[in-house]
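Following are the structures in question.
In the two complexes that follow, chain A is the common piece, with chain B as its partner first and chain C second.
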Partner chain A sequence: MNAGKKPCLSGRGVTKEFGFGRNKTVAVDGVDFDFYEGEIISIVGESGSGKTTLAKMLLGLINATEGDIFFQGKKRNIGSHRKKKEYWKSIQAIFQDPFSSYNTFNKIDSVLLDCIRMRGGGRLPREKKIELMTEACSFVNLKFEELTNKYPFELSGGQQQRLMIARIFLLKPQILLADEPTSMIDACSRTTILDTLMQLRDEIGMTPIFITHDIGLAYYVSDTVYIMERGKFVESGTADQVILNPKKPYTQRLINDVPKIYEEWDLSTV
Partner chain B sequence: MKHTIRQVFRSGKFVVGFSIFMGILLIVTFYPLIIRDAPLKIIGQGTFFAPGIYVNVYDSMGSPHYTILLDDAAAKRIADKLDDDDRQAIKEWLVAAGISEDAIEIENTESLLDLWVNNFDPTTRIPGMTNADRNYYIRLNTALDGLLSTEGAIVASVNPETGALEEKGVIRQTDYVNVNQVPNVRVLPLGTDNFGRDVLTELVQATAVSLRIGIVAGLIATFIGLVLGLVSGYIGGLVDDVIMFITNLFIVIPSFVLLILISFSIGQEQRGAFTIAVVIGFTSWVWTARAVRSQVISLRNRDHVNLSKLSGHSIAHIIAFDILPYIASYVVMALILQISSGILAEAGLSILGLGPRTTDVPTLGLMMNWAMIYQAHILGKWWAYFPVIIVIALIAFSMNLMNTGLDQVFNPALRD
Partner chain C sequence: MGNAVLEVNELTTKYITRFGENIYAVDHVSLKVEEGKSLGIAGESGCGKSTLALSLMGYYFPPLYYTSGQIIIDGQNISGMDPDEVRKAILGKEIAYIPQSAMNALNPTQRIINFIEDVIEAHKPYATKKEIYDQAKSLFEVLGLPAEVLNKYPVELSGGMKQRTVIAISVILSPQILIADEPSSALDVTSQKMVIKMLRNLMDSGLIKSMIFITHELPLLYNVTDDIMVMYAGQIVEKAGAHEMVFTPIHPYSQGLMGSIMVPESGLRDKKLTAIPGVPPNLKNPPSGCRFAERCKYVMPECRVTSIPLRDAGGGRAYRCILPKEFLMEAYERERGER
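Coming up: the complex of A and B.
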């Protein structure tokens, strides 16, 4: 099914352990994966299954205990700060909790200006920078004139998360790791955020990787779904394969946990 | 920022502590502008003059004299001269002479003297009384007679040519001078110390020097602790291990012992106030380093730090802008505590005789040291050490109050 597509991010035996001896916890247990360019990927699992740890390893924020991560076919090398910076030009993230994602001492302008600088636009004239920021904000339905000189905590959760997408719009990475991008936001804003993300994907041609506990969301957005249980991928395939014909009881349980609006809940199984 | 400052000043504890501290600072700043004496100038010949107003006797003879008639003046004069032992002796004589014990009021000077003047007769033989005792009573009677006289005293000076005494004037017992008209009056609110120096002037200067020592020591300790804590907490790994090893070494060796050893090895002559401050600073950074490290470790995995990394910022930038502002309030509180403990450490060192050398400036610890060496506490000369203790206590108290107030503002869980 993936013939002719290039893997942009692959892993072989990626493992992360925390602690020593009796306190040792294996958060990610030797996973193999190939994420192909242009696909929308979801990693689904319950809390504590190692999704976020895997995401941090993919981002290069923490090092894997064992195993290799390949970026665009080559073994990833992010030893020095310069190489890391180069790597982060092609892979970016949206975090789960917008309220703790921003430095409360920095204004919104500086969040966006950092992105322009990252793309090498640090020496652009001020008008050009404002133009870029305005464009990014209007893409996510925010008004830059209203945001300038404000602090991120003065915005609502949905607005903060949209600002995060505006960041991505400015950075134009090849891969976007979205770690539960909608779990801290009210249900109404959820679809808006997801739609904006999809629109952004079409615009700049990136590969989004969703990390979520919500299998409904995974089915709604993704092409390929990976199911993660206790640090391992237990099932993977296209969204239709995995969700319509789950092979593992774990997957079935995840599917059953999604509340359905039109059906009556069977409280006896809860 | 503005909001935080307003909140800080709404905290009662902080305001009280801040006012006390500011009061001390104001006194320390403005007192030397008003009283321009050198703090270590020896003005009194003798040790431990009691607090009070000192009027020049020579000048008071030349000042205009006013006659004021007061009924109890004589009684007061005698009461001042009669000490408790004399009163007891008078009572014993009167009882032996056959006066009923109930009629004698030892505290009532007037009635006691009346009884004495009416009944005393040097020729009366009291059984069992030695000659020495009899002579004592005769001397006492003469002294009281002199006090009771209304003659006044003649002031005379020596004529340089003839060598004869010439009368300059008579000072009567009803003569008064107005203190404001005497040219030389010195108020010593806290008396003088063992060297005859004005304690208040010395104390103000000592407070200023001690505060300076505390601030320098606190700044050095906080700076070292902050830098080591930030580096070891954020970078982690081997760097963390090495720094924590050094820190733990410093914790195991009590810093005061270290302070004593360093201070001793520097030698008396090299120990200026600034040197002592630096030594205190270099031995007391340990707890700040540990506390900052643990705060940084909890901060370094927060999402905003990750976002800053993803925005391509360097480690220095992240530490300075994404970690430091979050622990700034904590560092300010640590600084306040370090200043107050620096002042206490200086006092402790000086009491042991390992403080700054004694020739340039007084410090609170040195004043305690002097008072102790010259046994002010045994002699009951409270003014030599008690004000110093009060000042040390006030400084520590105000700083701890400020610290608690800040803590309550920055840590809402502690608000009452």
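Coming up: the complex of A and C.
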């Protein structure tokens, strides 16, 4: 199905080990993957399955113990900090906890100004910068005039999460890693966040990668689903294949344990 | 109609802030829980779900104050009773309450059996340790928990096991009604299922007569409770049976909530998700008309004039909107078509 497309991010035998000898933990165990451009990808697993470790490796925040990650067909080179910064122009992330993602001492203006500077807009005139920031804020339904001169902690969780998306709007990365983007948010605001992300995807043509434990969300948004168990991808395929007809016992158990509304929820299996 | 275990009439409670402002977090709430039934309360954060749970116990401490209304449990009106009296006579025996993240509140230096001893000794001062141990052991057997847990420290238990232990401790005196506030929100899906199975088990074995379950996870609520009540800005906006509420919501706010359910089941990917724009009103000075008016897509000038009463919709349902239910239900069907 992906014959004509080229993978934008792929990995061969990516492994991450923590500790030595008897204390060695293999967090990610030799995973292979090809994430294609324009697809929506979900990586689903329980807590402790290595999802976040994989995300950090994809972002280049930690190095893989073994294996290679390829970015747009070429082996990724992020040896120096300067090269990492270059890499981060094309890959960005939204994290689970918006409260801890901002520097408490920086005002919101500077959060957004940093993004403009990263895109090489540091020398733009002041009016142009304000125009860009206003545009980004209005994209996520925030008012820039109300945010200016405020600190991140003065915003609510939902507003902070939306500001995160405004950053992405300014940065226009090719890949967006969303690590549990909605787990701290109410069920009804969840839809708003997802809608905005999807709109952003259409607008700037990025590839979103969702990392989540919420199977309902993965099923609803994604084209391709990867199921992760103890550092390995146990099953992958289209959302309908994996979630409606799971083959592996782990996937079956995971899906059985989610409360359903149309089907009977079988409580006897635990 | 079974016997009402808990009946609440027009209960209003308020918070008084340090600047002397009144915040009515529970505003004229009436509800009734019958024997053998469970009631679910849904709503977004800050809508007063947890405050309602606190108010239902009749155990008020500042900044929460009782204003008006009645709480009748087993024929006894506990509203306005002295907090100390409530603690001695009602809590544990009549009403058991599991607050949010109760499992993190266990003292790490005490064994599980010590918590149970504390509970029983407060109500039956002459019970011996042997009696308490036997009682706890038999309860744990009924609930399918291993008896070794009794001699363990909280840190030795996993999250799911801790939560189930907390529930077991809270029902040791076989209360009439159990109020569970987000009992499974910090757990992974498998432990969550075990907790739910245990709550069902409690109801079936008659250890508790009825239950109030508070969460914002609607698929869970649908599977656990018989009736669902949706709260918005301190008021009840809709009451209905679980099935009707999930599949045919009437009030625009409940429609928004039900339309945002994401479950991994076939056919659901083609349905459109509904989003509710905006934020809830500030309860310091709530709008005089409908509290949902700012975010409602059917808003009319009349909505903002006077407060909207809860209207009867037949079949034990009620909703708080001036529009006819047929119109609202039809609009919802249309909106949730193919995406």
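Basically, the second predicted complex is superposed on the first by the 260 of 270 C-alpha atoms of A that agree within 3 Å, B and C clash if a C-alpha of one lies under 4 Å from a C-alpha of the other, contacts with A are read in each partner's own complex, and residues count from 1 in each chain.
Quick note on the criterion: a residue touches a chain if its C-beta (ideal position, glycine included) is under 8 Å from a C-beta of that chain, and two chains touch if they have at least 3 such contacts.
Bear in mind the structure is a predicted one, so any value in this text is a computation, not a measurement.
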{"item": "First (chain B), second (chain C), both or neither touched by A:216", "value": "second"}
{"item": "First (chain B), second (chain C), both or neither touched by A:20", "value": "neither"}
{"item": "Touching partner for A:239 - first (chain B), second (chain C), both, neither", "value": "second"}
{"item": "Comparing the two partners chain B and chain C, which touches a greater set of residues in chain A", "value": "C"}
{"item": "Partner chain(s) touched by A:255 [first = chain B, second = chain C, both, neither]", "value": "second"}
{"item": "Contact set on chain A toward chain B in their complex", "value": "56, 59, 61, 81, 84-85, 88-89, 92-93, 95-97, 100-106, 111, 114-115, 117-118"}
{"item": "Contact footprint of chain A on chain C as seen in their complex", "value": "44-45, 188-190, 192-194, 196-197, 200, 216-220, 222-223, 246, 256-257, 259-269, 273-277, 279"}
{"item": "In the complex, chain A residues that touch chain C", "value": "46-47, 141, 156, 158, 186-192, 194-195, 213-220, 239-240, 243-244, 253-255, 257-263, 265, 267, 270"}
{"item": "Complex interface listing, chain B residues touching chain A", "value": "302-304, 306-315, 321-322, 325"}
